[in-house]
Amino acid sequence: MPDTHPIPSAAQAAQSLADQSLAERRQALATRFQKARARTAELVATLSPEDLMVQTVPDGAPAKWHLAHTSWLFEVAVLIPFNPGYRPADSVFLDLFAASGNGGPPPPRMLSRPTAAEIMRHRDQINAAVLHLIDGIDDALWNPTESALMMTIAHERRHQERLLLHIKHALWSNPLRPAYEQPPDHPHLGAPPDGWLEQSGGLVEVGRSEPLPGFDHESPRHRVWLEPYRLAARPVTCGDFLAFIEAGGYRDRSLWLSDGWEIARAEEWSAPLYWERGASGSGNDWQVFTLYGMQPLAPDEPVCHVSWYEADAYARWLGKRLPREAEWEVVAAGCGSMGNLLGTGHRHPRAGTCHGTGPWQMCGDVWEWTGDAFTTYPGYRRPHGGDKGVPDEAVNGRLASNRMVLRGGSCLTPFDHAGPWTRHYLRPESRLSMSGFRLAEDA
Amino acid sequence: MPDTHPIPSAAQAAQSLADQSLAERRQALATRFQKARARTAELVATLSPEDLMVQTVPDGAPAKWHLAHTSWLFEVAVLIPFNPGYRPADSVFLDLFAASGNGGPPPPRMLSRPTAAEIMRHRDQINAAVLHLIDGIDDALWNPTESALMMTIAHERRHQERLLLHIKHALWSNPLRPAYEQPPDHPHLGAPPDGWLEQSGGLVEVGRSEPLPGFDHESPRHRVWLEPYRLAARPVTCGDFLAFIEAGGYRDRSLWLSDGWEIARAEEWSAPLYWERGASGSGNDWQVFTLYGMQPLAPDEPVCHVSWYEADAYARWLGKRLPREAEWEVVAAGCGSMGNLLGTGHRHPRAGTCHGTGPWQMCGDVWEWTGDAFTTYPGYRRPHGGDKGVPDEAVNGRLASNRMVLRGGSCLTPFDHAGPWTRHYLRPESRLSMSGFRLAEDA
Amino acid sequence: MPDTHPIPSAAQAAQSLADQSLAERRQALATRFQKARARTAELVATLSPEDLMVQTVPDGAPAKWHLAHTSWLFEVAVLIPFNPGYRPADSVFLDLFAASGNGGPPPPRMLSRPTAAEIMRHRDQINAAVLHLIDGIDDALWNPTESALMMTIAHERRHQERLLLHIKHALWSNPLRPAYEQPPDHPHLGAPPDGWLEQSGGLVEVGRSEPLPGFDHESPRHRVWLEPYRLAARPVTCGDFLAFIEAGGYRDRSLWLSDGWEIARAEEWSAPLYWERGASGSGNDWQVFTLYGMQPLAPDEPVCHVSWYEADAYARWLGKRLPREAEWEVVAAGCGSMGNLLGTGHRHPRAGTCHGTGPWQMCGDVWEWTGDAFTTYPGYRRPHGGDKGVPDEAVNGRLASNRMVLRGGSCLTPFDHAGPWTRHYLRPESRLSMSGFRLAEDA
Amino acid sequence: MPDTHPIPSAAQAAQSLADQSLAERRQALATRFQKARARTAELVATLSPEDLMVQTVPDGAPAKWHLAHTSWLFEVAVLIPFNPGYRPADSVFLDLFAASGNGGPPPPRMLSRPTAAEIMRHRDQINAAVLHLIDGIDDALWNPTESALMMTIAHERRHQERLLLHIKHALWSNPLRPAYEQPPDHPHLGAPPDGWLEQSGGLVEVGRSEPLPGFDHESPRHRVWLEPYRLAARPVTCGDFLAFIEAGGYRDRSLWLSDGWEIARAEEWSAPLYWERGASGSGNDWQVFTLYGMQPLAPDEPVCHVSWYEADAYARWLGKRLPREAEWEVVAAGCGSMGNLLGTGHRHPRAGTCHGTGPWQMCGDVWEWTGDAFTTYPGYRRPHGGDKGVPDEAVNGRLASNRMVLRGGSCLTPFDHAGPWTRHYLRPESRLSMSGFRLAEDA
């Protein structure tokens, strides 16, 4: 079920919207909204009501919650503020599916009621109300409405990736290890050749010039000094990483940062998340849990579901390092042909590990850890005053501590959210995302 | 949906079985088995697959688990040992739904797969296999087979009460507070008059002479010395208990045992479980969550969902005490007409609180806390060597520490499990069961 | 440093006090007070200020705290209520060393200030004030003053045992395993012969007729029915218990109660507390930590520092059981010569394990677990209304849940606190006290 | 007790050592060693043995442990490797006082034995052995020995600051709030005028060219691009910070990072650590616990004991930001007269808050949080292979995750450890250190 009709990237959309007549913009926004909503519904089509309510990641959520929470944001950030006559379809949804973060324990998320059917019905009501609003909003109010909708659509799309990550973990946690879907019938083309991309560094410019709604942390554009460096031409593969395991990398404290060593011992890490040896009667072979169920380890796919600590330890083992995010961005943005690359990749979008069939792209296979802690860029200002009621998703800058930057986007990331300027950030111990990495070194 | 066709009590069943021909016994056992299994299925008929998988009590279980776990015991304790050619329908069920207690963390119980439909299908397979076994077992093996089946049927029936307790808690934990079923259209007859039953005590005999399968802790019969005493003619009512609350009983440390005071403070108890003031727009009135949803407090129903500590504190407040279990049993067994009482009670079997329409019976309304810690009776021996593989339900004596005895049985208890000799035991802080109490004092 | 000049037992004291003139009673009480206070000070004479402030038992206390807390009770329960002109020597001590239990977290107990020297100086001030009060109290107020002092002296003496238990644990927790004192130069006489004491049971009377101050839970006297039984002539020895260990008793779930099995697994019990194999270069031999430091296991001493669960499992292993407390008391009280026995025992009062040199006495070697949960006796009433401000030590009945009864008293128990009527109670998982047990069986 | 005879800074020492003859270097190193050791002993001179063993910071240590642990490193990193005939004075010290971090729970640190006296005696033995080694080491082995000693001396000096932080917290945790020492009789000169230092930025060089032993994370020197900026002329004062408190800064979520808000709520922060309102009968005034005991809040002293989250929220409140560490270093290093400033400051080295009597220096008053997460510098290599046995103190790069950079050094920092290149790093929630901050903004 590949994502064959990509909607235009958010940056492209922003630009083209600006050039259009208001009527065209209404139409474009309605289409964008509908595609995003339909995509979410499509993602849960194979799941039973019982699957939809499982939560196994402590701070994660059941798929059903994602379905309702994304509707919630359309109500509180679009329908209520911009449609004075709007009556919430069911006030229960306003209370039950709010974002947490305002103190107090978060409301329980694993609920049998409302049922999945009720939540899907509520989604339909919200969809109708939003389309009605897009169609009828007064010209004078168009701009803020459009901006709020762009942000909430981005929010919906971002939750698509989380939904898949959470459902993957939930299925893996079930002793039966059921598959999310059947594997596709693609030919497997192998990894591209290894190698290094030589870069001269110097004073470079990075970051987006204009912030996208919901992506405040990717701006403003600013200057950074880089010494000459080399960047690996491809991410580290499962085969590469297996060599690290077999060389005792998980047992050699000298390779690890202290915090990483501590958590690796406490949680008994000996391989990436979802790797298992000897499962399913496979003898001593490594198997990996994917959205297609348990699969044999594919040595030439990029390794993923590793924490930043594992990536860092692997790099130290080889005397290399992780790239700085500016180093990564300069290469990714300089490819020029990013659009092409994105268009030609035959990705397996829901595989546990992904691979491209042509030259690997930097964006859209696996998230790639960088060596940088997540801070906001020089000159950053919080949008919306960063105020109460605004969900954290709309003010990424609030999360700028204890997290490391990832770049590129994974095969579960909506296409237009994965590009050279995209910044993701996770706690360094996180392994839930499809997080891999590539190496760098000083020239 | 009252339980209008009670199957014969276990004691009656045991006796009458002994008098019958083997063919009649086969028939009687098959009927008993089918009724128990059908009753469990009936209990979940109104619940959705999503409801069936919710677990909100930490050491409780989802309804779905109860459905599968009871089948599991028929497989491991009956089909596998007594049917040499038996092939487990699906070995997954043997692993997933085993009793815990053999060390290691218990397996997760809140599972989306197997689905509810798969579990019901598996129940049907087990049902067919057990009926086939009853029909075809060799005469020489009849007695142990019958004994194992009596125990596993008792196990199934006992889980019916737990299933209802767990689903009640799960529904209450849902912010929507959905009802399990609609309230019946019974007239409400009020509480019987209060008063004291004078008892002379002396050397009395208590306990069952013959242990029932699955109820090892109710035997052997033995002698106990009692001083003269009085037993309250009815359990403490909600109205009685409300007076304790209003008199500040929850804030007066001098009324409480130290352990009780500590947990009452830590968990901020200020009323029985499921009591709420000012819920549902009811102003300042007390409401109680029941299987019929939120209902106004009924002052003349017996109080229930109180811990032993609350019962003990209430009794101390009035200068009374809880009865010893022998004191309680002597009165209950002496009624003589217990069968009649059980037959005439028009109970509301799934209400949050229950009441009878005639003189209140001692058995079958609410479990009644006694002043005794649970220990096995003098002369007790563990059945089956108390060995591995035997579930705790089959060796109640294993649990004889840190628990207090309750007597009588609640309106959720299967009829033939509620009688003058029935002993239940719970941790003194437990409030999940329909546990009430009646007062006693020295004559 | 044996306790060679025992003060008269509390019961004897109470009786003889009643027969004396007031002047004699003043003198006797002053002596009793001084001996108790001096004994506490003597117990810490070998410890450094650093030792005195260590706390290793979570709900225990440093020796320094015991020294100050016992003074605290003399202030709040005697000096302040009975001496209107009394000015607390230092109000800091009133706050810092109060009993806990009135809600809120207990104040920290491991304090460097006040220093040990300051606390000893404060004890002297309290001593002088109490002696002054005894000397000068008005005749009309004598009785309540005497009663309050008897209770607070009992409190001081009870803390002597706890102080030794806590310091023993603290020294054992230190990697150097320092000894509290040097072992005495006693001959070791071995265990008395094993055997059974036949008892006819019937309707017996147990309990004290008159409560002693501070021992409310040992009254009133009441009747109990006992079937014929046998009681072991001696407690289980270390050698006996070693056989249980070597037979795999700690690994056989069928011998254990469920709660016991769970805690034994969670805390990895494989022998009594303080037993270690292969410590101190002793090869594979068992060593036991005692107040004399690490010592080789003495097979004919009574086993101690076992939980009730271990005692219960040992008894089940041999097909025996623990005695009921009435069974134990009937034998102990019936010896008649208890006083003599107490007088002639040459005990090693601070050994890790103790033994008598003549026939083992039932009182004063090790506390002996019984099969009974701790409940208050029929007819029990709380003293003092059980009110706030009264420490738990003065209202033992407050603790009547989740605890099992022990009888007899250990070699660390003050002499006059150990007798046939003495009831101690501990949580069944507790191993801190010198708790052993003897077997019983039905005749 | 000001530190009036500063030993030469480590950088100066390294340089001058290189110019000296070997005999002179032996002499200089012996002096340096003796001064460091004597200073540690001096710091505990006013504390009792009981004070020395208190630990109140969960991952902190008692003063006694610091005294022994610093000796431990001289044994394992100097005496044993460089003195083949060396026999450890007492092998117990090698086990008990090792650095943690090699897996397994750390050994307990709050020990009554060895006593303080024994630990001081052991320090003397180590001192003699080290001086003997310095005097007698073969010329050929001089360089590695000197390097190891420089590192272990730095380790000792660094523990001096921790010892004071831990003892401060321990004294504050005592309900009596005892002072560590009496306040000095200095005149109080007030804060310097506020203002901004204009900086042009550009391509700057930062970092030490040569790593100092034990300070690997301060090298290598490297280039960074800075936009024009302004740096505050003085740190934020207590008076400044009080205005933030009074404006509701601790209750306004929009000012905080998400992680910071969560911990501030969970730990109920409403002021910096050690600030208390209404303590000691001071009415509603703010008091601050210092090494001189409780003192009235001094509005013109720099605020300290704030977490990075509080500093960040304060800056956001004023629309400013924290400086980048390169921004800070450029100004500090450019003062030129840093040596002078350090020489003329009349600091109160053990006050809870410190102030200078002349123009405030950037180094040696309070540690100053920067906006940068701690990462190793470009081109960094771990010393010693970062191997086992090497304490974390010798490989700072191991700790480069989840920590923020502080600059400057506090009045508790040894003089030669505080300079423009000094980098400290702490978790952003840490408030134990004397951590303050100054503001910055884009020009």
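Order as written gives the chain letters A, B, C and D; numbering starts at 1 within each chain.
Note that contacts are C-beta pairs under 8 Å (C-beta built on N, C-alpha and C of every residue); 3 or more make two chains touch, one makes a residue touch a chain.
What you see is a predicted model, and the numbers here were worked out from it, not measured in a lab.
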- prompt: Steps needed, at minimum, to get from chain A to chain C via touching chains?
  reply: 2
- line: If chain centres are mean C-alpha positions, then the most distant from chain D is chain B
Field: Geometric centre distance via CA averages, chain D-chain C, whole Å
entry: 49
Field: CA centroid of chain B to CA centroid of chain D, Å
entry: 63
- prompt: Whole-Å distance, chain A centre to chain D centre, using C-alpha means?
  reply: 40
- prompt: Taking each residue of chain D in turn, which ones touch at least two of the other chains?
  reply: none
Field: Those chain pairs that satisfy the touch definition
entry: A-B, A-D, B-C, C-D
Query: What part of chain C is in contact with chain D in the complex they form?
result: 48-51, 53-54, 92, 95-96, 107-108, 110-116, 170, 173-176, 178
Task: Show which residues of chain D lie in contact with chain A when the two form their complex.
output: 101-103, 203, 222-225, 227, 253-254, 256-261, 265, 308-309, 371-373, 375, 378-379, 382, 385-388, 392, 398-402, 404, 428, 442
